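One chain, chain A, appears in both complexes that follow, with chain B as partner in the first and chain C in the second.
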Partner chain A sequence: MTAARLPRVVLRLHRTALIVWTLFVLGAVAFLVWLNEVEADRVQAQTTLCRHASTYCANVFASLDYSSPMGWISSVVYYSFWGVAAWAGAALIGRELESGTAQLAWTQGVSPTRWLATKLALPALALTVGGTLFVFVFRWGWSAHRDLMGDDWTFNDVFAARGPALVAWSLCALAVGTLTALLLRRSLPALAVSVSVMVVLNRYMEKHRTDLWPNTPTDRSRHPASHFWPMNLIETGILLTIAALSTTAAFWSLRRRTA
Partner chain B sequence: MTDTAGLAMEAADLGRRFGRARLSPAWALRGCAFQLPAGRVCAVVGHNGAGKSTLLALAAGLLVPTEGTIRVLGTDPASARARVGFVSQEKPLYPQLTIAETLRMGADLNPDHWDAATGERIVADGDLDPKSRIRALSGGQRTRVALALALAKRPDLLLLDEPMADLDPLARHELMGVLMSQAAQHGTTIVMSSHVVAELEGSCDHLLLIGAGRVRLSGEIDDVLTAHARLSGPAGTPLAPHTVIESRTTGRQLTALVRKSGPLPTDLHPATPSLEELVLGYLRNPGTSVTTTSPSEKAAA
Partner chain C sequence: MTALSVSVNTGHPTSPRLLRWLVRLHRPALWSWLGIVVVLSGALLWLGGPLTDASAAAWRQFNACGMGTCHYDQDSITRYKDAYNYLTYAVLVVPFAVAAWAGGSLVGREMESGTAQLAWTQGVSPTRWLATKLAAPAVLVAAGTGLLALLHHWAWSAGEGRIDTTKPWSSFETFYANGPVPVALALTGLAGGALIGLIARRSLAALVGGLCFTAFAWSATQLAMPHLWPTATSVTSLRHNGPSGAGITLSSGLLTSGGDRIADPYCGSDLSLQCKDLYTSLDAVSFYKDYHPESHFWPLQLMASGVLLVLAALLTLAVFRLLKHRTAS
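== the complex of A and B ==
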């Protein structure tokens, strides 16, 4: 028996979301490249000019032209998992259960388990590929012009965007959104609940990030830069565990309801 | 006991409850038992909320029974998924897809047994443009697309929940013809629920009457009809030992619908009821005891 071409159907149903995500990631990456390859040189020239000027210099804040969009990009991409949670809860699963279209797939020979597996695997793949690409480009861009930036690695967005935690946040949002939608079976409540859960989880994690790895006893307030990787990996591990538990619960609740 | 291979649907002590066990448990269906031989066109009738949709959703594998079992095409509903077609009352379709994309989805999901020509013909017969989006269609047009999707799947068992409700009389007649020819050509078993009894008379040969979550009557329509009689005579005539489904006394005149047990007194002018009279009689009198014609009982009769 030929296997049903379910991935193709899922892609056709969610092509708008895929296009939006692709443009979002490519746009962010392109902006990063432009900032570091073109804008940074211009800003650098102006600040050097100011440093040697003896009189009033109009470009004293020129470095903001570079550092402010750099901060914006990492923040927007980092917090895009709110959008992922909203989309997964409302559009990917919630709307299908609310309008009954999920049942259409289930009576076209696709088992509910396979339907959910495909519905989760394809977005997870897109989020992982897009997120990983961004992380690599951001790591390069962020370290390229440290003299123009006022931030450091402990800033919330920088911390997440320089490691796998960025991808883990979006995967966690996907799983939480899916579970909420399966439990609530309505798109709008699922959207509200899954975004709220992710915002609360995010606030909590950001507050307790410094506790993820033991600090040196001499200096309790600041982590050395060498703590970045263990901290980022532990946060990634926690988020992926939550994602795995949510996914298991989602499959369990679906299996319990349907044959 | 029975040849299960020849059964399209078989339920034993089937029950489905909605809501929490302790907080207001509501049984949509309970203690449901019946057998439907393959190749039949079966009408499922009952009040609104009698449990018809729940029964069809259980057979389609969209719900799991709270108790009892249901088997379709000789196996469990999950394993029969590829061979069962289902159109629910709401006819859910993806609003963002076009008709052509919807049919292509059916082809993608049923790679081995997709009859593209049937799907396209049903859509074309309704003068629908394959390029129009589902969200732009009327209720009746959507029904047509949903039926095209279910029929092009070439199912062995087709479950239809109130399929004709929002079709105009012409489309209703035409699509009923499409369904009947499908049943005749491919031996498809069709199970359709409706509360328009007139719509079912003439096209269905098997009846499943559901009331208050239970099967109240099931069997071949001809057998069911001949097992009952419409009586009229002087008031006060004893009707025992026959089971009275419905009786009414107007002045000195008694009219009754009974389920026969033994020969009938000729002074009560016994006549075979129409399907509509029979169904209405049962529906008006939900208190009457459960009566089921099983195939074995029918064979003995």
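== the complex of A and C ==
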């Protein structure tokens, strides 16, 4: 295997993961479009009927048919970074170090640094493209039928899925999973540790999101909607910093080991 | 390959030998499991003891307050609530972890690396190998998960009547973490994980398969559970705002004079003229509700656990049959 063919080899090795990710993103996007273009009209007609108290309507909670799948989509796509952490720790890096495939590649004209760079760059590209596509479609869908929804922009999943923080979570999970696998060199322990680290980090961030931007003195308890962008960008910044530090540490530990 | 030296030395390893070999191979998992059970048990004792006491005291302070501002220990209340929620989720996640381990590590990994196949050539019959692999973890999993569910039930009931925001018995997470369902689900996960490990013969694929299988079994349990015991039905006068009866609701609505059941328009009490007219036009005479009251907790839990244990037994049978079929040819 030569260095030039490395990207193709990586793609072939993780073909299943790429297919699963593509179907996952496209499925979520298609579901969003269907909900907003088809289902929303039907639900809207029912809720309009129910608004007149004197007429009998058989489905008072019709708006749930629209709002609950909307909530599910954003939650599932947001928390998919758990899966990214698991995959990066176990399948992308851990398994190859464990089985010796990685070590074999390094003797075949591929430098360890180049191996790791390719292994990180391709998934990072796929995660960024898929995540960005979802964020744009979700922003459109989420604002299309506000009267049918009972949530607001501060909900954990909505907050993340309406900005670059969604992509930052998956990139951070990729980097943390990679570092864990390089340190532990075994797939199953790396999977368990990287998922645990990401879950704890996520719980911590969600609890302290409100501290990311100072509140206006008039209303101490709640952030106005105009704080969405600064808060989302700061969270993105924090996550990308953690991702950059983990990646640096991963390269450093790999170079130290193979030197 | 230290693990194999045991069986290589002796022609026909006895059961204690096999057990020791299993323990040596999965020592990290054994220690992790003991660690998880000890930490969660300690946390549940802490929740049911000091945390509940502090929260109950804060609620007494709060309830003693008049209309004006007053001081009460809000931190104790939120600390109890957070700890309760996290620990309930932790108890519910245990069966998933067991299934992932059973698929990925216990069976999948050994099939992938060939350790299992090697063991079978060393005088260990495949059936014996599998029996040991399933029986020892099953005992530990049942004991550990059972202890956690028991402690969860105890910690939950310690707050009843003392903490104003204690979860009701029928609250989804509380209901499942308070009884034997997590134990049965963990055993089903163990058997299902082992079967998938044997089929997939790859550790990561079997891990994902084990998780998906448990998620499927878990969802099916949730869908079936309310139907596993006959419901109670309450009939309430239209004077009230809606049907009475707290618990797990299956259906509710209006009863017509002919006894038909129709959907509730959620208008409220017929004391309002508008609603009275609406009910008259619908020929409705009362509210009804099919539900499970608190006395159905144990029947529902035991029926759901029973169904899961039957599934676990069938899966175990399938694992043995598949292994026999595979090693015979």
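Before moving on, here are some points about what is shown:
In this text, the second predicted complex is superposed on the first by the 252 of 259 C-alpha atoms of A that agree within 3 Å, B and C clash if a C-alpha of one lies under 4 Å from a C-alpha of the other, contacts with A are read in each partner's own complex, and residues count from 1 in each chain.
In this text, a residue touches a chain if its C-beta (ideal position, glycine included) is under 8 Å from a C-beta of that chain, and two chains touch if they have at least 3 such contacts.
Keep in mind that this is a model prediction, so the values were computed, not measured.
Judged by the touch definition given at the top, the superposed model places A:T241 against neither chain B nor chain C.
In the superposition on chain A, A:A259 contacts chain B only, with no contact to chain C.
Chain A has more of its residues touched by B than by the other of chain B and chain C.
Once the two complexes are overlaid on the shared chain, A:S187 sits against chain C while remaining clear of chain B. Of the two partner chains, chain B is the only one touched by A:L6; chain C is not.
Of the two partner chains, chain C is the only one touched by A:A91; chain B is not.
In the superposed pair of complexes, A:T101 makes contact with chain B only, with no contact to chain C.
Per the touch definition, chain A reaches chain C in the complex via residues 50, 53-54, 56-60, 90-91, 95, 187-189, 191.
Put simply, chain C touches chain A in their complex at residues 28, 104-105, 109, 203-204, 207, 262-267, 274, 277-278, 281-282. By the touch rule above, chain A contacts chain B in their complex via residues 1-6, 8-9, 12-13, 16, 99-101, 103-111, 256-259. The residues of chain B lying in touch with chain A in their complex are 58, 60-64, 76-78, 81-82, 84-86, 88, 90, 92-94, 96-97, 101, 105-106, 108-112, 149-150, 153.
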